[in-house]
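Two complexes are shown next, each including chain A; its partner changes from chain B in the first to chain C in the second.
Let's turn to the complex of A and B:
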C-alpha cells in the first residue's frame, strides 16, 4: 500500500498543464451588474431592440430569484457585483477578417493549448469557431458550410445577420426564468455559437468551438443555440481549457438544442477548466444549463460529456422528448480529484409516444473529490411505450473522496419501462494485484481499469475527442491512484 | 435526515397548535417533567410546522388534506366487542391491544411472564422515559415533535440480555374509525438487549370507515449480537391518515430484519431511519405496498452506515392500481469511517392501471473509500409474453395477472416467520388483488 500511496501522491502532485495568462489588451466594462451594464453590453454588440428587451426581462426576473442551494456542492457566496460582465480582446479596426489578421499573441495561446488553428482546421477538417473570452475571433470553413446552407457563426453575428431565427428559437428551450444562472446568462451573455442546419442536410464535418476564460475576473457567459431542421444531422464539439488563476471564476453558460422531425444532434463536450490547486484554492465554477428539445418525430439528441476540470461542476444536460419515437441519450464521465466537486447528471422528460432514453454516467472520485450524479427521468401519462435505461457507476480511488447518486424517477404510464441501476465501488485490490503479477505497474493498471470503466462513454465521442479525453483522464488522475 | 424550515402559514392552518393548551389542561395527573417535555416538543413543532410540499422530503406527499380535518383525541377508551378483533389478532402470539390510543388490558393477552421480558403499556412502564426520548427535541422531525407533544400510549418491549422469546409479540393498534375524526398518537419503544432474540409484529387496523389519524413514533434498539424480526402491517381504512416514524439502531453484530406490509390507509407515510452503528451489523429492510383507488403511499428510508463491515439490504416492492400514487425514497448514507460497507437497495414497482403514478428516488451518499453499494429501481407492467404463456395454458386474463403479480411479490414472503403470519399476508395480497385491483385469481 505504501508504494501505491506514493504513486498517488506523485500523480496528484501534477500541476495543471494549461495554466498561463495571455497578455492582450482588453476592453472591459467596470465590474458590477445593473440595467446600465446590460444596455452597454447590448449597445457594444450592436444588437436589435428585441434582444435588449429580452435581456432586461431576464435581468428583472433574475433580481427576484435566489441562488439555488439544493445541489450537493459547497462554495462561498458569489458577489455578483464584483464580476466583469463584458470583456473583449481589443480589436484592430473592426476585428480580424482572416487568420492572418488574428492577434499573434492569441494564436500562440491556442498553440500552447495544442490546437494550432490552421493545421487543425486543415488536417482534421474541423471548422473551429474559436471563442476567446467573449468575442469570437476566428471562424474557419465558413464558406464551405455556407454553400450547403449551414449557418455556423458566433452568436453576436447571428443576432445581426439572422435575427428572425434567433428571435424564434432563443429561450424556447431554456426560458429566461428557467433557473438562477440561466436568467443571469440571459441578461448578460456576450457571445457563443450559433448553428443552423437546413432541411435534409447532413453536416459534413464535426463543428467545434474552444471556449477559453482569459481576462482576469471576467465571468464568461456563453450562449449556444443549435437548430437542426427536418432530416438533418449535426455533430457539435465543445472543448475547454483555461489558464491558471487563484481567484474563482464563474462560468454560467446556456446551451439550447432543437431537433425537428428525423433530425439528429450530437453534442460532445470535453471540459478541462482549471480545477483549483491541491488545497482546493481557486478553480472555475461551472454552472451550466444545457437542454435539448426533440421537437419532431424520430428526432434524436445525444449528449456526451467528459468533465475533468472546474472546481465545481453543476450541470444537467437534458432532453425533452416531445416528438413521438424521439430518442435522448446522455453519456457522461465526471472526474473529481483533490477538492473538486461535481453535481451533474441529466433530465429526460418523456412526453411523446415510444420515446426512448439512455443514461450512462460514470463518476470517478479521487483525493477529496465529491462526485454526485443527480438525474431525473419523468415519464408523463401520454408517453405510451416509453423506455428508459439508466446506469450510474461510481469508482472511488482513495479514502477521503465521496460518490453520491440521486436519481429522481417519476412514472405515470403503465406501458412505460424504466430501469435504473447504480453501483459504487473502489478499484479492487485483486484487479491491481492481477495486473502487477503480469508486470503492469500499479499506475498503468489503474489507468487501464479507469479507461475500461469509461469505455462505454468514450465510444460515443468523436475520434479526436476520444483520444484527448483519454489523455485528459490520465493527467487528471495522476497522483491519486492506489 | 435533511431539514428545511417551515413557512408560518403552514402552521396556522392546522388545529394542532391551538388544541395543545386544552390538551395539557386535561392531564392534571401527569408528572411536571412529562408536561414540560410535551411543551418542548410543541415548541419544536411550532418551529417546523406541518410539512409541506416545498420541502424536499415532502415533494410528492401533500398533507393539506390532513390539516383540513379537525382531529380530536378520544377522551376515554372506546368499548369494543372482542369479536371485532378476530380478523386481526394472531393466535399463539403475546398480544397487546390499543384502541384509539388507549391501552386495553382486557383485550390484551401478554402471555405467561418470562424472565428477561418486559412487555406492557409504555405510559405505565416508563413514563419518565419521555424526558430522554431517542431524539433530542431540537433534532426531531415535525411529526415526531407532534407525537412528542400529544403522545397517549404505546407498547413497551424490553428484552434483557440473552432473552429468547419464542412466541411472536403482537402489538395491535385499533382505530374505531367512527364519525368523529379521532387522532391517535402512539409511542412504541422496543429494546433488545445483547444476544436476545424476538419477533415483533405491529398491526394498525380500523374497524369503521371514518376518517382518523394515526401518528406512531417508535424506536428500536438492537443490542450487540441481538436478533430481531420486525413486521409492520398497515390495514387501516381508505380514509385514514397514517404518518409514522421509526428509528432503529443496531449494535455490534446485531441483526435486524423488517417487513413493512401496507395494504391499507388513505394517505400513508412511513419514515424509517436505521443506523448501523455497530461493526458487522446487518439490516434487512423489506417492504410491500399495495395501493388502489386514490390512495397515496410514501416510504422514506434513511439507512446510515456509521461502522465498518456492516451490511444493509433494502427491497421495497409496490403494486399499484386505480389512481394510486406511490413514493419511494431510499437513502443510503455511508460515513467516512464505515469502511467495507456492503449496501444494496432495490425498488420495484408494478403498474396495473393507466393512472397510477410512481415516484422512485433511490439515493446513495458515500463518503467512505472502500465500499460496495448498488441500487436499482424499476417501474413497469406485467410481461406480455408471460401473460400470453399462461393464457395459452388455459388461465383467463385475470387469473394470469393475479398469478404473475403474486409471483412478483413472492420473494418477500419467503422468510416470513411465523407461518401463520405469512399465510395472513398472502391472503391479504390475494384479497387486495381480487377486490381492490380487480384481478381475481385462484386462491393461494
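Let's turn to the complex of A and C:
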C-alpha cells in the first residue's frame, strides 16, 4: 500500500493539487460546510489522500441525510451552515485572563469536586503557562507504552504516523453514512485519540484522555479509534468529572473499537459537559456514536458510562458481537436534572455463536429532567446459544421529571435466551426520613440512596474514577430535594 | 429529659393525638401500651419529626430545647433515636456504609473526629456480637431482604452504636422469637444508665419481664388514659383494654 509509506513531506506537497482557492494560512475558515471547507481541513491537517476522499464521501452522504427525529429529545433546529468547522487551536487570549473572570458557580463546582487548584484554571479556559504535572506524567507514560509497542496518540498524529492502521480500521465499525451525526463527524472531525495495542500485550495502565485534554482542546467533532490485537487488553478512560468550559454547543463525536481474538477493551466515560443553567438555557448538545466490534473469538468489549452533563444527550454505545463466544457489556448511569434531556442506551447485535451481552442501565431524573432508555438487542439467525441480560432501572426525584424505557428486541434464532428486568422507583420520603433519623442530612441521604442505586455500574469503573463519579452525582443533584 | 404537654397532632386532617402529657426523666424507662391504631407510632413519629404528622397543639421540651423546632436530623444528632416499627430498606447502600455515615454525622455534630473505615469496623464488630448478627450483615444492603427479626436486631445494633440519650423503641419486640427478644432486651439493658432514657412501645407484657420499666402508660384514642408501675402491664395482660375503655367513657 503506497499510502502506508507516504511521508508527511510528500503529503504536504500535494496540498494544492486539488485546486484550493482558500488561503491555507488563515486560522479559521468562515462558518458553513462545503467540499471546499473539507478539503481545507484535510489540507491543514496534512492528511493523506485517502483521508480526504473518505471525508468527502461522508460529506456527500451527509447531504442526503436528515436529522434523526425518533429520539425523545427536543431542541430547536441546528443551523449547520452557521458552525465554524475548522479553527486552529484557540489562542488563549480569547479566554478569561484569570480565575477572577470565571463564573464563580463553576469554580465552586471545581472546589466541591476536589479538582487541584492549578488544574481549575486550565479547565475554565484561563491562559496558564505552567506545565501541569499531568502533562509531564502523560509523556513519561507514553515512553513506557511505546516500549511495549502500544500506540497512544492524537488522531492527527495517528493519521500522519500510522496511516495504514487508520486506513484499515477507520469507519470499519461506524461507516461514514451510519447516521446523520456520524456522517457529519466523518466529514469534518478535527482530532481525537488513537490507541493500538499489539498482540498479546496487556496495557499496564488506564489510558486517560484527561491528560490529553488538559494539554489541548480537541474540539467539537472528536474521533476515537481503539484497536486491540489478539490476546491484548486495554482500559480506556474518557472525559473527566469537572465541567469543561466550551463555546461549542454541538458535539458530535464518534468512537470505534475493534477487539480481535481473546482481546478485551474496557471503555469508561464520565461525561460532564455544561448542562445549561437552572432554567435550561445554554448547555451542550452531545450527539455521540460509539460502537465496538468484537471481531474475534472470545473477545470482549465493555462500555461503562456515567452521563451527568450536557443539555441533551443522544448516545447508544453498542457492540457487534461477531466472533464466537464474544461478550458485550453496557453499564450506564444517566442523570438528568433541571431541564436536561437524555436519550441513551445501547445496541447489542449478536452474530457469532454463544455470544453474550449484559445491559445494566440506571436512569436518574430530578427537577424537570427527562430520561429515556432506548436499547436494542438483536439476535441474528446464526447466533446459536446467544444470551442477553438486560436490566433497566429508573429513579425519580421529585414530581416534575420523567423516565421512559424503550427496549427493542429482535430474535431470529430460537436458541437465544433473553432476560429483561425493569423497574421505576421514587426516592421514598420514608428512606430519607430513616436516614434523617440517624443524623444524616437530606442531601447526603439522597446521594447515598442514588449511589446505592448506581452501585452495579460504579463497580465497573476503575477505582479512582468510581470515587469521582460518586462525588459528581452528589454535586449534580445538589438542590434537587427541598 | 423529655417533657410533653398537651401534645396534639393530626395526619391527613384527622386528629390522632388529642392531648398527650408525659414526662421522662433521665435514667427512666417508660413503657407505652395501647390498642392498635391508638396513636403510639404517631407519637413516636411526631417526636422524631416525621413530616406527614402535623402538630396542632401542645409543646415538647427535650434536653432544654424546643424539640418541635428541630429538623429530624437535628433531633437525631441531639441524641434522640427511634427504632422503627417498620425499618426501611435502602437497596444498594451497604449496611456498614450507612452505619458509618450515621455515626460520623453524630460525631461531627459533637465535635469529635470522624472514624475511618478501619476504626469503624473495629467498633461495629464488637457491637455485632452483642446483637448476635454475623458480619455478612455489614456488607448487605440496609435492611434489604432482612427477615423481620433481623431488621429489628439491626435497629438495636444502631442504637448500641449511636448511644442515644433518648431511645424510642416502636414495637421492637413484635415478631421476634424468644431468643431474639432476649437479645433485644439485653441490648437495651446494657445501655441503661442514669443519663439515658427509654420509651418502649409494646403490645406484650413479656418484653417488660426483660426490660423492667419504671412506668407504664396506656394510650387509647390519642390520650394517655392511665399510668402506673409495671404491675399495670400485668393487669392489662389479664384484662385487655376493654375495662379501661369503659372507665374512660364513664369518666368523660
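Please note the rule applied: the second predicted complex is superposed on the first by the 384 of 482 C-alpha atoms of A that agree within 3 Å, B and C clash if a C-alpha of one lies under 4 Å from a C-alpha of the other, contacts with A are read in each partner's own complex, and residues count from 1 in each chain.
Assume contacts are C-beta pairs under 8 Å (C-beta built on N, C-alpha and C of every residue); 3 or more make two chains touch, one makes a residue touch a chain.
This structure is a prediction, so every number in the text was calculated from the model and none was measured.
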* Asked: Touching A:381, do we find chain B (first), chain C (second), both, or neither?
  -> first
* Figure out whether A:406 sits in contact with chain B (first) or chain C (second), or with both, or with neither. => first
* Can A:396 be said to touch chain B (first), chain C (second), both, or neither? -> first
* Which of chain B and chain C A:75 touches, first, second, both or neither -> neither
* Asked: Once the shared chain is lined up, is A:455 touching chain B (first), chain C (second), both, or neither of them?
  -> second
* Asked: Touch check for A:414: first (chain B), second (chain C), both, or neither?
  -> first
* To do: May I ask you to name which of chain B and chain C touches more residues of chain A?
  => B
* To do: Please work out whether A:50 is in contact with chain B alone, chain C alone, both, or neither, and reply first, second, both or neither.
  => neither
* Which of the residues in chain C end up touching chain A in this complex? -> 48-52, 71-73, 75-77, 81-82, 84, 87-93, 97-98, 101-102, 105-106, 109, 141, 158, 162
* Along chain A, where are the residues that touch chain C in the complex? -> 428-431, 433-442, 444, 448-449, 451-456
* Contact footprint of chain B on chain A as seen in their complex -> 70, 379, 381, 394, 396-426
* Structure fact -> The answer for chain B against chain A in the complex is residues 56, 336, 349, 351-381
